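I've put the structures underneath this note.
Two complexes are shown next, each including subunit A; its partner changes from subunit B in the first to subunit C in the second.
Then we have the complex of A and B:
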């Protein structure tokens, strides 16, 4: 029996494409339409053998299968007894689970943090400094004629970003550049073919044309063209840079300098140097002309800004540049959020506690001081005495010292897969995969909420993050009230 | 559960009850004729003031822009925190409190129903998720429809009936309550960084003017028989000389008013009543605006009072927030939403010693005092734009006491003092008037039949304040009144006592009220519609609607439309 489900939201990256069509046969996804490689990989591989089928508990140094009841009781006991537990992860689960997460953190007086802390946390700090002129992605589709990707590579990390939201989409006021790109690809393929024929001496080799010496970072003639333009600024020539109209290779760690130079030029200041961050000033002037003369421009930025030297100051100056540009034309800026619901994690945490990440409930009210209340710092100071990790794998990407302290204390992990953190855990819960086996809500990188669908049944007996967390919370309350009674 | 509130001084303006000593009986969440004398729980309200639960017609408490405001202002939260208790969740204030704190604080002031006035339809799910986490209150939202491409296109074509069908569809789809119009035409123009400056400017890329949008939607509103009128944030809001635009707007809407009933609600009127040519010569236009409203019956409005404090301005009026940004240079959020609307946020500190801010403070009070009929103007701060809602008791103080407002005026900027009309205004509102401007009038304007009054059958949403109208001269003892309205002696929500002596005693969830507008012929959802959807938005048709999953307690109101 085969059924088709359409308008499925893809639970992989921050693009949250919601036009995926799935064909399901006998409770298994057999066909994925419209999805990118990452999307297909998720929908085809959710049932892989690494999946954990029952809760596990560490007994005598070994993880052994136990029932949900036993594991939930143990987890609740750990959390209720902890003085300063951390609750981390959240970006790859739905808002419904995140809501329970905040309540649980509050109940046990823990530190609630999500993966933004090692991702776009610096962007949030900048927003708190200077604000952010932004828009939803459709606005860019309809209006943007200048798209700049800075320190990010959507072609690899958000594969459908260009085709759904930016350069290659058909908007109301601006058309798609897809055809031009295809022509470019064809021309380059033709050139290669010709070269190959020449090499094999089928075609006679013409005398070598005199090639003008190409200077690095020289803007192309087409920078002044009508229609959408795509500019990529990065330290290396990424896949996205290959399709761009103009690629600027900025010297490693000099994004801040380059951005400041552009700001100065936008404000009509003269620069008394020849080049900035490896880009000649005369080329920068052409770039600034393109920026100032567009109808609607946008900068997308990624880890290249937030986690290179300067961190949140890079984003700070990027946003300030957008503020300046808005005096001349219309400009917006958006972070390229990675996990499909990291935006949701920030959103839920903010509406319930007032703060987007690194929220400390240990005093009974929300407190926020990234650097102090952020999870990595808590771990490095060796202050936490238990941890709950939901839908994340800090063991494989936190600093080693932090991981050492994480595993030195009781560690509870809720994850569909046996990741590195789960292998080190003391109580490990398997969970249904959100967006495939569990319906919910996620927020796209531009804060547009989208429903996630349940398309297949989870493996028998497997609960969702939301259910597991709710039951832990319930159990924690039972334990605490018992303790109150005993004390009385 | 039965409840009997005995011997209170009841102020119920919808029923014309003005401070009479009465008993109010409650059963199963409704007001009833009488209850069993022994079984009923009794509240002794002797010497206390009893009013219907407060209704707020315009306060930004949930949704995308409110939450972005929260996110960008940790400095606003750090000075104001709420501890977790066994009954309540923790949270933070100040100007943009977290959701739970919002619910508790309103409830402590005796409020029971709120209207969240700007919901971008694309992000409606977000608004509803937050409303679910806003306890103690019944809530509803107004979707932003004034610059929605569908509306612009059908009005441009002159196809009112089709426009009405789409508006009905949108209200049902987003679980909304009324048509919100913000800077009509201006938000679409802002898509390319422009704005409109009179109600007859053409909107770029569309052959339509703000006048046509407002009148068109006012007519649509009538065709659909919606309980509230269109809810308008005027063009040129917040700019000197804009009272002329406001007058133009109200005059333009005269053509829609045929039966003497209101056809539009001009919201936060203070921000639309500036006279003068620039910031230097800015003065009050309240007199002209009030004169017009006194002479006409088709407009209701709310104050948009400014409070001298540090607050956060947020509105769908992106170009206005940009103007504020240029003035202040403060951190600035702009947030445009495809096909529908825009938005902006700027922190703002209203200062007594700033002539413009002080004049704004004065304008709102002038309007409230000069518009003679309290049923036409309601008490708001446009929370958090003019100041946080927690300042409502202060405003009540200024309205009931000339002494209170003169005391504040004396501390204001000299220039503002000289220009203020307040010294000439002798009027002092009574508790009866306060009951109108804080609940009865708002409920009536919203068409909320079960709220804002205490007749048999109404929702048992009741506020009891520690003011004795017989022994207290409220104009002199305004500080007593202020304290009383800040900490309700009792707040009763759906027949349950939720607040006692200003403290939460029970956590309850409120309902989400929305309209199910039934048109004779419905919007056709076919492949053509889905294709158009894909073209206009970046989401699929199937994923757009707010499903029942997003409403914790759904309270739909079925409306029969004329189309």
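Then we have the complex of A and C:
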């Protein structure tokens, strides 16, 4: 029997597209409509052979299947006995599980951190310093006429961002630029065809030598056109840069300089140099003209700013630039959040403990000092003595030196799939996939909460993150009360 | 004149192939192929005398790893190499959190040398060589 489910929220990236249509036959997703490549990959592969099917425990060096009861008892024992455990991950699960996570961290006096620490943590630090003039994606969809992607590549990381929220969307007050883009693609395809004919010597013309070099081109005349404009600033020509009206290739690690130069130009200062960060000042002047003359502009920024030298200072100056621009026109700025519920992880952590990430409960009250209480630093200083990883893969995504200490201590992993961290784990729990096999709540990158749907049943006997965590928490409390009784 | 080694700056980040691979599962062929590779500038590859899909060794002060070199298809980026996020990139990228908790995933100085005969380690082999598990 086949059923169709409409308005499914996609649990992959921070776009949280909620217009996915799924066709389900005999409890299996057979068709995905409206989704991007990552969305399809998730909905088609959730049941593949890499799925964890039973809880596993390491015995004599090997992971062997055990029951949930045994694994939960072991995990609770590890956490209750630890002095300074780490509770990390959280961005690919729902807010309901995150809420239990905060309670568990407080109960065992651990360090609660989420994937923002290796992602937009610096952005959060900057926002705490200078604030953020921002808006929801809906406003951008309907009103923005200048969209700038700085140090991010939505075509790769948030594939439907352009189509749903920015340049290629049909807003109430601003139209889509999709047709224009298609014309550009057709023109370039025509050019390629001609080149191919020349190569095959069907058409004869003296070939021009192709010299690839860094492309800091003159701004095109279309930068002054009406309608939506798309500008990309990056160190390499990304997929998004290919569709942009204007692409600026900035020298690696010099975003801060470039941003300061733009700030100066917005304030009508003269620059005494010819170029900044590899970009001629005259081009920058035209860029600033486009910024100042738009009705409503927005800058989206990504890891290009937060992972390069300067980190939170880069974001700091970007937000300050928005503040300057708001004296001339209307501008907003948004970070491109990666995981589908990393924003939720920050939000839940903030409303429960007061801090968005890197929260240390070891003194009995929450403390926050990224650089000290952030999980990578705790690992590099070799201070933790156990770890609980939920819906994340730090063994793949942390620098090796940090992972060395992570695996040197008892490691508990809750994840639907086998990944590098689960392979190295001591206790591994399989979980139902949030947004496919479990309903919940997630926050979109602009802090709009959306419901996630349960579209199919989880494999028999498989619990959700929330249930597993609640049972571990219960068991930890039992162990602790027994210990109190023994002491008394 | 073909060089033996090339000094470059290492960037790590996302690609759509890596995104599709991670959603399919970290043990899949898609994930392995999309994260055990390294985008290089066409000019830089010429300097090293290597072709598309030649294995290279990338070394930083944090370690070294064998990867498949792929010509960056969309324009020049001389002096930069780009490895998609994953265990192979993190085997060599900097762990310096510069006092704010976030490691420096972009901008690590690195050295590239051609090693056409060296194999790329699988995920299990890589983890065993790094952590002994």
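Going forward, the second predicted complex is superposed on the first by the 466 of 488 C-alpha atoms of A that agree within 3 Å, B and C clash if a C-alpha of one lies under 4 Å from a C-alpha of the other, contacts with A are read in each partner's own complex, and residues count from 1 in each chain.
Criterion: a residue touches a chain if its C-beta (ideal position, glycine included) is under 8 Å from a C-beta of that chain, and two chains touch if they have at least 3 such contacts.
What you see is a predicted model, and the numbers here were worked out from it, not measured in a lab.
By the touch criterion stated above, A:350 is placed in contact with subunit B alone, subunit C being left untouched. In the superposed model, A:165 makes contact with subunit B only, not with subunit C. By the touch criterion defined above, A:95 reaches subunit B but does not reach subunit C.
Of the two partner chains placed around the shared chain by superposition, subunit B is the only one that A:18 touches, whereas subunit C remains out of contact. In the superposition on chain A, A:141 makes contact with subunit B only, not with subunit C. The contact surfaces that subunit B and subunit C form on subunit A in the two complexes do not overlap at any residue. Only residues 12-13, 37-39, 41-42, 45, 48, 50-51, 61, 117-119, 121-122, 125, 153, 155-157, 159, 212-215, 235-239, 241-242, 249, 252-253, 303-304, 306-309, 311-312, 338, 358, 370-371, 374-377, 380, 393, 395-404, 407, 417-420, 423-424 of subunit A touch subunit C when the two sit together in their complex. Residues of subunit A that touch subunit B in their complex: 6-7, 9, 18-19, 95, 99, 103, 106-107, 124, 127-139, 141-143, 164-165, 170, 172-173, 295-296, 323, 326, 329-330, 332, 346-348, 350-356, 361, 363-368, 439, 441, 443, 447-451.
Interface residues of subunit B, counted against subunit A in their complex, comprise 62, 64, 67-68, 70-74, 77-78, 81-84, 89-92, 97-100, 122-123, 125-126, 129-130, 133, 149, 191-193, 205, 322, 325, 330-339, 342, 345-346, 534-543, 547, 549-550. Within the complex, the subunit C residues that touch subunit A are 9, 11-16, 19-21, 23-28, 30, 41-43, 62-63, 72, 74-80, 82, 85-87, 90-95, 97-107, 123-124, 127, 130-131, 133.
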